[in-house]
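After the structure tokens below, expect a handful of questions from me.
Labels for the chains are A, B, C and D, by order of writing; each one numbers its residues from 1.
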Amino acid sequence: MSTPTGSPVGRFLWNFRHHPKRELWFAWWVMVIFYQLYGVLFFLVTRVQPPASPAWDTPMVVQWFNDRHFGLLAGFGVVFLISGLCAPMNALLAYSMRRMSVSRVFGYSYLIMYSLSAIPGMLVMAIAMTVGALRPDRDPELIHWLFDFAFLSFSGTMGVFMIGSLVWLVAILIDKNGVFPKWFGYLGLCNALTEVVVAPAWIFHRGVFAWNGAIAWWINMVVFVAYTACFIVLLRKMIEREDFGTGPLPDLPPKAERSQQDSVGAVQ
Amino acid sequence: MSGTFNKRLAIVWLVLTAMTLAYIWLDHSADDDGVLKASTVVTVSAIVIALVKVRIIFREFMEVRHAPVLLRHLTDAWVVLMAVCLLGSYFIGSALAG
Amino acid sequence: MRRTDGELILFWTLPAIAIIWVSAFFLFPGFLHPMSPTMSADAVADFYRDETARIRYSMILFNWFGVGLIPTVILLAMQVRRMAHRTPILSYSLIACAGGPPCLFLIANMFWLLGSFRPERSPELTQLLNDLAWVTFTVLVPYLIAQCLLLALAIYWDRQEQPVFKMWVAHFNVLVAVALAPAAFTALAFSGPLAWNGLLSFWVKNIAIAAWIVVMGVVLGQTILRRRAQEPVAA
Amino acid sequence: MTNLQEDSSTEQFERKPARFVPGQPDMWVFVLFESLLFTGYFSVYLIGRIQNRDLYLHSQAALDLRFGIFNTIVLLLSSWAIARCVQASREGAYRDALRDAFLTIGLGIAFLVSKVLEWVKEIRLGNRFTSNEFFQHFFFLTSIHLLHLLIGFVVMGVAVYQLWSPVRRSQQLVETCATYWHTVDFLWVLIFALLYVVR
């Protein structure tokens, strides 16, 4: 086994094949790419987020679908292509719990809960939106029904994410290996509580609690983005600190030593 | 030691309760003869009293009084931030509503 | 030593499931020839009215056995566990992928069954259920694509004297993933290869799934048998 | 856990003169983040209120200020009790600390009961979650706060569990639990002022 050669591509290929943490880094990058694509696809390509208003009348909804016809069909096509990316991402989160000093039950529960979370989280919406955009000449009432189905399945099904955050936060709080800082556990509680707050979307057609409302959507989105950004950074730290042991995760050495150690690690 | 601490906590509680009871007077003074009316003075005083209570809870009950400078400044900043947000949304909202 | 009792039983459910799936596939009148997305609402309603019985029975069969592939996928995930990896991330990922396709398929299955439950309803509604069923059925590829690519990656990374799977299995899985990909974009066209009855979205996708089941079934069987032959020596 | 305990007991003597954060500093991230989140909810409420003053004023008149005052005083009492509990446990008086912890839980239950009675009263009057904008906010803010209180019972369970047995008694965890409980208290102080008193 040779050490990495000079060119960046060569280095990348070497690391991809031989780096001791290749599986962890792979899953981490998949997660980063997934969230980037998620943002681009939902906000820019399909433009279904920020959400349309549930208060609209039927002609308005049909107009909304017509404006986005191609974007919806192509964008959700890409969604169908890539939503399998969440599998390595959830595997990494489950792995973080496996690395803690807690029962394996936590990691497996989280893995199973989140393995299907993409279905209520985005795929049902994608299917309903695709069918809605499929035939612009369909009975407008039916298009309106698909519109409700899409947004409510997307915003209104949060149990998976609430219970999932709770499982993760309990694991973090009782963990003695220091895989995550405790404050992230408490932040998980904030996130779980905002998942409760979207439930009124099932009840209101307008106002701050509707699925596009200031409280049910905007404030929740801010919390969700903050939470996601935190765990992406913290998982990166976890991978950097990983020693493949079972005891407490060591802290990162200071920067100067780290670069030296990296090259040693690479030689190993 | 225990005595002085508990006495201090009791006084804090009394102050907080007195401030809560002040709301009754505030509430009565708001309406003339049972006619409901909006009042900026009542709104602003209610919010300010509440935030003062929050700061007392921070300082005394949550022991920020003894905490490092960073936490003391951070909690004070938070009280100011809440005041700015609440009063700001009230006044800007009023200005927009006309 | 990890217990392996019953692995073979689970493995031999695969041909049984395959036979049931193939029979249900041919029993469903809408698969041969696949229904066109250009059919009018009335034509779709007539189809559900005329073929009610075959739709119901074939879909009930699928409803029973739709989840039948899960043991095979988990057996694959267990083989990945034995590979020369430092973390269980890839086998976790395969476990995370296992439930997705049956779940999506069950949604499609429900829409077909609902369509045939009251075929006398307004044609517009039957067409809506039919669209939902076909779109869901055609786009259920994301977990399958991820599964193939992850398995391929796991095999590429399995660097040891005697790898669990041979390298060509990885190449085959990448090929299957590529064959499945176009189906995700089926909604973009009503006719031609992308349409849900077209060459890419229907024939290539379903033949790729069938080929994957057959090839991976054989490979998996060989691997399990080989390991069982070696195990007494190792233990 | 034993580590934590040793840390906190050795620290105990040096602590008084030195400045310290009560409990896990991590809990303060929750306190600050959650109060920011509620500030968001409150701002949305105030802006909604200004756009529809009369509706809010008339709906607000259906609230009973006595419930609000009673609830606030009960929660302030519970905060006082948990603050005493922290002091007692810091000085090693665990029996007193336990008594104060149970007192806190009891006062929390009193708040819960009074809150539910108030909801029943409002619903009998015909003021439901879906009645109008004011009651949307009223039921939303009170119920999300009550959810925090219910979580608070779990948190107090942790505190009691720590105080119960001599082999545990992590002062740090008790203080962390207290910080959470005070958060429930001060959020209610704000909610009370905004729902019942603001005009």
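Methods note: a residue touches a chain if its C-beta (ideal position, glycine included) is under 8 Å from a C-beta of that chain, and two chains touch if they have at least 3 such contacts.
Being a predicted model, the structure only gives us computed values, none of them experimental.
When the partners of subunit B are compared with those of subunit C, no chain appears in both lists. Put simply, the chain closest to the centre of the protein, by Cα centroids, is A. Between subunit A and subunit C the centroid-to-centroid distance comes to 25 Å (mean Cα coordinates, whole Å).
We define each chain's centre as the mean of its Cα atoms; on that basis subunit A and subunit B are separated by 39 Å. The mean-CA centres of subunit B and subunit D are about 15 angstrom from one another, to the nearest whole unit. Centroids built from CA atoms put subunit D at 51 Å from subunit C.
Residues of subunit A in contact with two or more other chains: none.
Contact with two or more other chains is made by no residue of subunit C.
The set of subunit D residues touching two or more other chains comprises 25, 28, 40, 44. If touching chains are joined by edges, the resulting network of the protein chains shown is an open path. Per the touch definition, subunit A reaches subunit D in the complex via residues 176, 181-183, 185-187, 189-190, 193-194, 196-197, 200, 203-204, 207-209, 214-215, 219, 222-223.
Interface residues of subunit C facing subunit A in the complex, by the touch rule stated above, are 37, 85-90, 92-100, 103-104, 107, 124-125, 127-128, 131-132, 135-136, 139, 141-147, 149-150, 153, 156-157, 181, 184-188.
Interface residues of subunit D, counted against subunit A in their complex, comprise 1, 24-30, 33-34, 37, 40-41, 44, 48, 129-130, 133, 136, 140, 144, 147-148, 151.
On the subunit D side of its complex with subunit B, the touching residues are 19-22, 25, 28, 31-32, 35-36, 39-40, 42-44, 46-47, 49-51, 53, 57-58, 61, 65, 68-69, 72-73, 76-77, 79-80, 82-84, 86-88, 91, 93, 175, 178-179, 182, 185-186, 189-190, 192-194, 196-199. Of all residues in subunit A, those touching subunit C in their complex are 17, 20-24, 26-27, 73-74, 76-78, 80-88, 90-92, 94-95, 98, 111-112, 114-116, 118-119, 123-124, 126-128, 130-131, 133-135, 138-139, 142, 146, 244.
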